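Following are the structures in question.
Look at the two complexes coming up: subunit A is in both, with subunit B in one and subunit C in the other.
Presenting the complex of A and B:
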């Protein structure tokens, strides 16, 4: 029995050319949504079909791929996409942010600062930041074209009117180089500042919605706000329970059915690296500390 | 004040071979209310949509006096300029408030949207202005965070008016603004409109089939039939001494009260 012969990285070369052209255009106009002929992928929509197509088109044999889902390298989505490319492209994979050349991500930007030469590929469910305010695609395109962004401000206004502060915590709209308003995909707004002036290339792929957009390295990214309600990121009152890190994005983990919970790094690689370096958080069992001592 | 703010010449709109309106010419001066009356299908709404830029005309010219006193044809403006005009210098009050409002967004944001569209980025100031405007249209400022879906028909219509007037426009288009309202609510909305129009010296083009509305609000009347203007003149003159046979019929068809 022979296995089906896939082209390198699953997609055929013509498709990759088409997607690369869309990517080049997206890089040329930062924040602008470029339509592309999204293909059916061997996974359901919503599992990262857009990100996978972008990754497949930019991957070369020498690349080292890392895939994260909500910051973790070991969730189903991350594991299967990593396995998919290991099988169809035979590329090396890693969980270390620093060692990767291409990082496909869902819902997070790694804590370790990205370097020049790295590419971050986002999986995007809904690329249109104006979608829930203006359902007509024809109209939102005109609004982008004419830079009519009053409506996105209406959304933030509604947040403050209802909650007393801007309650949008993820997919927080940003303005690119003073021109296009962009949906940064559902990353927490905690990660918004990391997009600004990043030395890495950032690509966004939306498979179901058939759009690609991009942030070239060192692009100005401003989170929208009001003068009297400025943009701010989430703050955590305690450090990571495992690696004692502060100033990172934490996940709340329920530990028992009696209200026990702990806060740990959402970026598993960052957490493990710190633990290996000897950082220990208050949540680690005492026995382990004794073992170490 | 001697120059018209809006000047329409030989306007025609065809739907294939069918005529929507044709040979329509009239001027509107600043601070003047002009009513376009006629029966259903007479081309009133087609005309209104054409001059407000919501529908493309087939031929003719529509000139508008800009704030810098230029008097360009609307077709000469870029789409960006036209849309900017529509959300700053103009207003459009729809018959159905659902068309003119964002029904799932709070009243305050509905009023504030135009302010944000022209670059206001201070939440406190937007809210203050919205609250003032709600008071001016007799909606309690307590309801600033309620959505229009929770409002009555009359309140929705008043909210729509506030939303249009917040940027201090100079020209308002109205399409049957009291259409779906019962008589007492109608009277209240008309009363409010009359006050605001005088206070802000707005120019208004109002389409209605209700001659009582025309008499109450307008200084001049344009009577349309089959897409053409059949009679035009001062409201009182046209309604008290109609000359065209069709206008006589219209006036005669109002039941005596």
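Presenting the complex of A and C:
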């Protein structure tokens, strides 16, 4: 008899227990960063070692896993992590948002609204929203303890003083249930409103920084702003060039060296689903029928 | 040493602990929902099956466990054999507190509630009840709950609501409670607001 070279979903059971305890405390204190004994994973820091450890600790044999990187299912990071769990846990994988039970994400929230029972696992590079304002961990910890968040409002104010508007466009700080200020990971601020009162459980894992935090479903998430400069999200002047979607987050794609460019959905699953449903954007060759219409 | 301390562990530790954890995680993320952890673990009396399953899933040498009541030697030996967790006589040092039915809630302030720097360094209390349904209705609100949820556990300690309200008022400090009965569990994290 040959024994498997590693445990189900790669991590050993003691590590999973430690991470599971951290997840439960993170759920009990939404937005608070729970320290955990992050392990070395078979991938470099910055490739989602935190998210992978969270996913490995919650994943069961019946789960269906989706992994996205900047909204796309087909980029290196997403493909690698999906293959990692297909191999180490033997779980089913999918690219369909609606069909997944666990979605690990790097820097986007899917356009398709999440449902109750789904779990969104974020890969987080720098979990501390105050880090660039105060480099000392001992100090930021006291600041969270005392709810001393003036500095981050000053940072947003400096944006206004310099640019006339809040120029922070990603990793836009949010306040959870009126208590902890949290870094939503580098998602575009476009996605911030989707975090609020989501029916899905949201877990955040930072491997290098050794922190786990969480948002239970139906949790109050407020993007920081000012009365005279309210929070607002990016707007795009044109629809997706491939699927004609509006109200979604678009990526700019350079198409030639003469200034040609097109804007397409960042969420590849959303875009492909719409195209399969017959939606065609202005970037695609138009059919006779649509020309006539 | 009793023979039953060697029995009652998970038959399939990797997958059973994953299933129990997911059930407990979902219950914590949605306070007020009753999770059935399944008949997967048996600890010596009076520890209910759900408490046994939670301990097997989450306790190990990193988590001191505190038992309430005099008759806990067998349960403590069972836990030590199956998980390697140490039983502590010091309630303030416990990660998990295994309470008795009819526990005096006014004594719960002895458990760790974390510090302003580290509110996560707090105890999880496992409270056995006569039933998780069929008692007086309590209204819950807070993170994880869409609007309001109603629970009706039977056999709550006398000061339970006052103690839980005081616990809520210390947020983000506080302990987290899991109500258990048989194989069922209902999580009440510190964020939950309880009203009669």
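Heads up, the rule we're going with is that the second predicted complex is superposed on the first by the 281 of 293 C-alpha atoms of A that agree within 3 Å, B and C clash if a C-alpha of one lies under 4 Å from a C-alpha of the other, contacts with A are read in each partner's own complex, and residues count from 1 in each chain.
By definition in this document, contacts are C-beta pairs under 8 Å (C-beta built on N, C-alpha and C of every residue); 3 or more make two chains touch, one makes a residue touch a chain.
All values derive from a computational prediction rather than experimental measurement.
In the superposition on chain A, A:227 makes contact with subunit B only, not with subunit C.
When the two structures are aligned on the shared chain, A:201 is found in touch with subunit C, with no touch to subunit B. When subunit B and subunit C are set side by side, the one touching more residues of subunit A is C.
Look at A:216: by the touch rule set out above, it reaches subunit C but stays clear of subunit B.
Within the superposed three-chain model, A:27 lies in touch with subunit C and out of touch with subunit B [touch as defined at top]. Of the two partner chains placed around the shared chain by superposition, subunit B and subunit C are both touched by A:146. Look at A:158: by the touch rule set out above, it reaches subunit B but stays clear of subunit C. In the superposition on chain A, no contact is made by A:115 with either subunit B or subunit C. Applying the stated touch rule to the two superposed structures, the overlap between the subunit B and subunit C interfaces on subunit A comprises residues 142, 146. Per the touch definition, subunit C reaches subunit A in the complex via residues 13-15, 17-19, 21-22, 24-26, 28-30, 57-60, 62-63, 95, 115-120, 122, 124, 142-146, 171-172, 176, 189-191. On subunit B, the positions that touch subunit A within their shared complex are 79-80, 83, 87, 102, 105-106, 108-109, 112-114, 116-118, 121-124, 126-127, 144-145.
Those residues of subunit A whose C-beta lies close enough to touch subunit B in the complex are 133, 142, 146, 148, 150-151, 153-154, 157-158, 160-162, 225-229. Interface residues of subunit A, counted against subunit C in their complex, comprise 7-8, 13-14, 16-18, 20-30, 32, 34-35, 57-61, 117, 141-142, 145-146, 177, 179-180, 197, 199, 201, 214-220.
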